[in-house]
């Protein structure tokens, strides 16, 4: 018997709650069979979830590390593993390993800063972890602005939490937007990049972006035109991953491995990478 | 120690219109054939592509038999004529690779031939049983 | 240093094989050399090298990682990792020995890959100095001296004798075991042979190949070079170069449902394959040019950037002789380095 | 030595580029050692004169490249076709895989291609150049003081030893003389294996196929394998696999591949040429061709455009699968 530690061998996780967020996104609560958190993590880190026989895939951990009881994953239905997970019921066991990747520098670069979070669609999932972390340690950060947009009102992730908790917090401003006019929506309508420009933020902030590639691209341009420096902007990348530890070669872009050196990158670091992500 | 009696596992692909009905008739007439024959119903014998045959062997079949309508009687006019050529070629390739030719067979069974169905299966099972386990086209991972 | 006559080589092999499985290159039925387990009657191949590299012994093409049993909603994970048994690989050339340095840096850095580590700990590498390098050899471009291979034991074959030199504790132990069949000797004959080989190396057609244009930090300079389009023009997108390469280490993890449980296994993968980076919502390398570039940029720029300038190519020449369209790293290096014909 | 010279080909291609008949030339580019030749696209005269090569190692069949190049390249493409390549060319046209209007095909005679492994078996490693211009190959090695002379006939590739046709079945223009369809002994090896006992056959193929490393070179080079997504690459097919994880996998891959090209395979021999593990894959294809010839009448894929392959056709009197076996017994 080989007694060495092996990261590729996962732990068992149990789905204890399934929340339907949007028509194609569900949020899964996962703990170990004895009801504990599978492992500690930092905001922005990921975990490998797998369904034996179906496959393994990398997901960002949506819940904040300050949640000591469980982990949450907001998962959009888009492939084999996610299709299967969307059919899973409470009590279903899956496998989990991690945490992987470099987290957001919440205790270093972010400390004491005004924070601007910009997310589109399911891109809120990785940001929710860091947003809730910042809210938990509210006094360590300055003002918090959140810009979140989605296709429609129904596609807004964590809507209840946003309305009930984030919007009621002091010093937290939430700016919601949807792509098209919709009945029952009296908020802002328009794409996230344009909304960011309309809101015209001061440059005394650290910005964190996550969303579809096209949104990131235009929002980044927008922030730069507002006077932001690329060293003030962070984003997370997503590529195909298999091992999670920088060995299988799949997520290699330039000299970086997204699973190990990312998924969180500062935008000036991205400029040094070849345009392959 | 008790030696388990060897029973071959047979996969029979049966066309919906003739052979499956033939199998049904065999059952209605209480004609015996071994329970080791697992029937897979297909819309036409022509639906069976070579991958099906190989996958059956991979998953533990010891013999594979393909039953369709008699030539000329195909519900889709000509399906079984194509089957005839295809399977002749595939089986002769398996033979070429040294896989026992007795493990594969094509038989035409009409809806009225319940007796022929039962007789064919009995004969085929005996034939495969004589060969023993499928060792040449097995996937060890699928063995218990 | 110790030596034995070539006539007694087989009895030395037999002695080693008593203690552990011994693999050595023998001529296969198709005339090409292949690493096979030694058994009485095995004859060491005279070929320069094998088609498949010895990385297979430490990082096999396919290996089972674990099993799962599922019942209802429950999953059981079964750790099936065996502790590897001792084995020795004889006849590893200098280039291939070097490839283990490259693989070690991938698999043995934290978190260490236990499958690979177990085999590395139990495997003894017995290298063999080259005596007749081929035109496809360019190991010297990467600072490898084929006349003086590393490894746990270095062997040198002369006309009548085999010389053995232990370099590590593992090697010492093995040499101890064959002490009775070998005799102590000076390294005169070996040194003489080394000089001869070094002279031949200078005459090789690829002797002038240099790595000057490559290395860490060259990403922006090389990535958008127009030559990539021409170089990758004919690439078929097969995995031959990756699979015969001693340093390619990309892998895939897949599940196989056996009908009575699931096996999770790992197998070699190739960055040349179109689905290598395909995700549910797209692919970040759509054209063969991008995939082709990734392979060579990784070997010549990305890997050295992360590993103190060590290139992820050892110049064994396997891809030169095996690529279906004869496109290879030498042509890439010459073209981008500006010394193409 | 090839009867037509490299200079003649360059001259003709240059002329066609110059007068605008074609915009690109699909040809062979010079390598490092005269035998490592890469298919390439030439778009101007200077690159032709600098890099184009035609010698005894120009084995690559360009027909398949037409499928992708017709999509990506603007304008008309000149392609050089050896007699065996013209069959693949026709077969791909039959399957509507490329736009004939975009292609200008020049047939060139071929005296057979040399196998570098066979050359090395005679001359050893260390070849620095090979001169193909004389009757015999003149091989220069760093280990020999003077060049070694090698009979071309001794080093021909298997497919050229058993060449089925020196006649071009498709071209817009022919350079040199037209050849004839040959009486080839290409099925002898198949017959030899058929004559073995099943146990021997199994042992033979077990030894050959177990060497497979699933690099997919045979598939990716094959002019008959032009599926947009191969079933073995498609995760939804259930048989996707990248490694011969089991002896079943390699058999499955090669049987299915051979079956899928059966009736469409022109026996161009590229699969065996590129196999890094020297597996005689052409024998699988030839087995199918031989079997179909014997059971359903002589058929040569690619001989004419639009012909119907035996597996997409039938007659009312076809042999039953069992009878096909029995026929085998009579032959043996």
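Order as written gives the chain letters A, B, C and D; numbering starts at 1 within each chain.
The working rule: a residue touches a chain if its C-beta (ideal position, glycine included) is under 8 Å from a C-beta of that chain, and two chains touch if they have at least 3 such contacts.
A quick note: this is a predicted structure, and the numbers were derived from the prediction, not measured.
More contacting C-beta pairs link the chains of A-C than the other of the two pairs B-C and A-C. Chain nearest the geometric middle of the protein is C, using mean C-alpha positions.
When you average the Cα atoms of each chain and compare centres, the chain farthest from chain D turns out to be A. Averaging Cα coordinates per chain places chain B and chain C 46 Å apart. As a whole-number value, the distance joining the C-alpha centres of chain A and chain B reads 53 Å.
Once the centre of each chain is set as its mean CA position, chain A and chain C turn out to be 39 Å apart. Shared interface positions of chain C, i.e. residues touching 2 or more other chains, are given as 252, 254, 256, 269.
Residues of chain D in contact with two or more other chains: 235, 245.
Residue positions 141 of chain B are each in touch with at least two other chains.
Within the complex formed with chain A, the residues of chain C that make contact are 65-66, 68, 70, 73-75, 77, 79, 81-84, 106-107, 111-115, 117-118, 216, 219-220, 223, 249-255, 257, 262, 264, 266, 269, 271, 276-281, 284-285, 290, 294, 297-298, 301-302, 305-306. Those residues of chain D lying in contact with chain C across their complex are 30-33, 36-41, 51, 60, 65, 116-117, 121, 124-128, 142-143, 207, 211, 213-217, 219-221, 233, 235, 241-245, 273-274, 276-278. Touching chain C in their complex are the following residues of chain A: 1-12, 50, 52-56, 78-80, 82, 89, 91-95, 238-240, 242-243, 245, 247-255, 272-274, 276-277. By the touch criterion stated above, chain C contacts chain D in their complex at residues 28-32, 34, 48, 51-52, 61-62, 132-136, 200, 203-206, 230, 233-234, 236-240, 242-244, 252, 254, 256, 265, 267-270, 273-275, 320-322, 324-328, 330-331, 341. By the touch rule above, chain B contacts chain C in their complex via residues 59-60, 141-142, 144.
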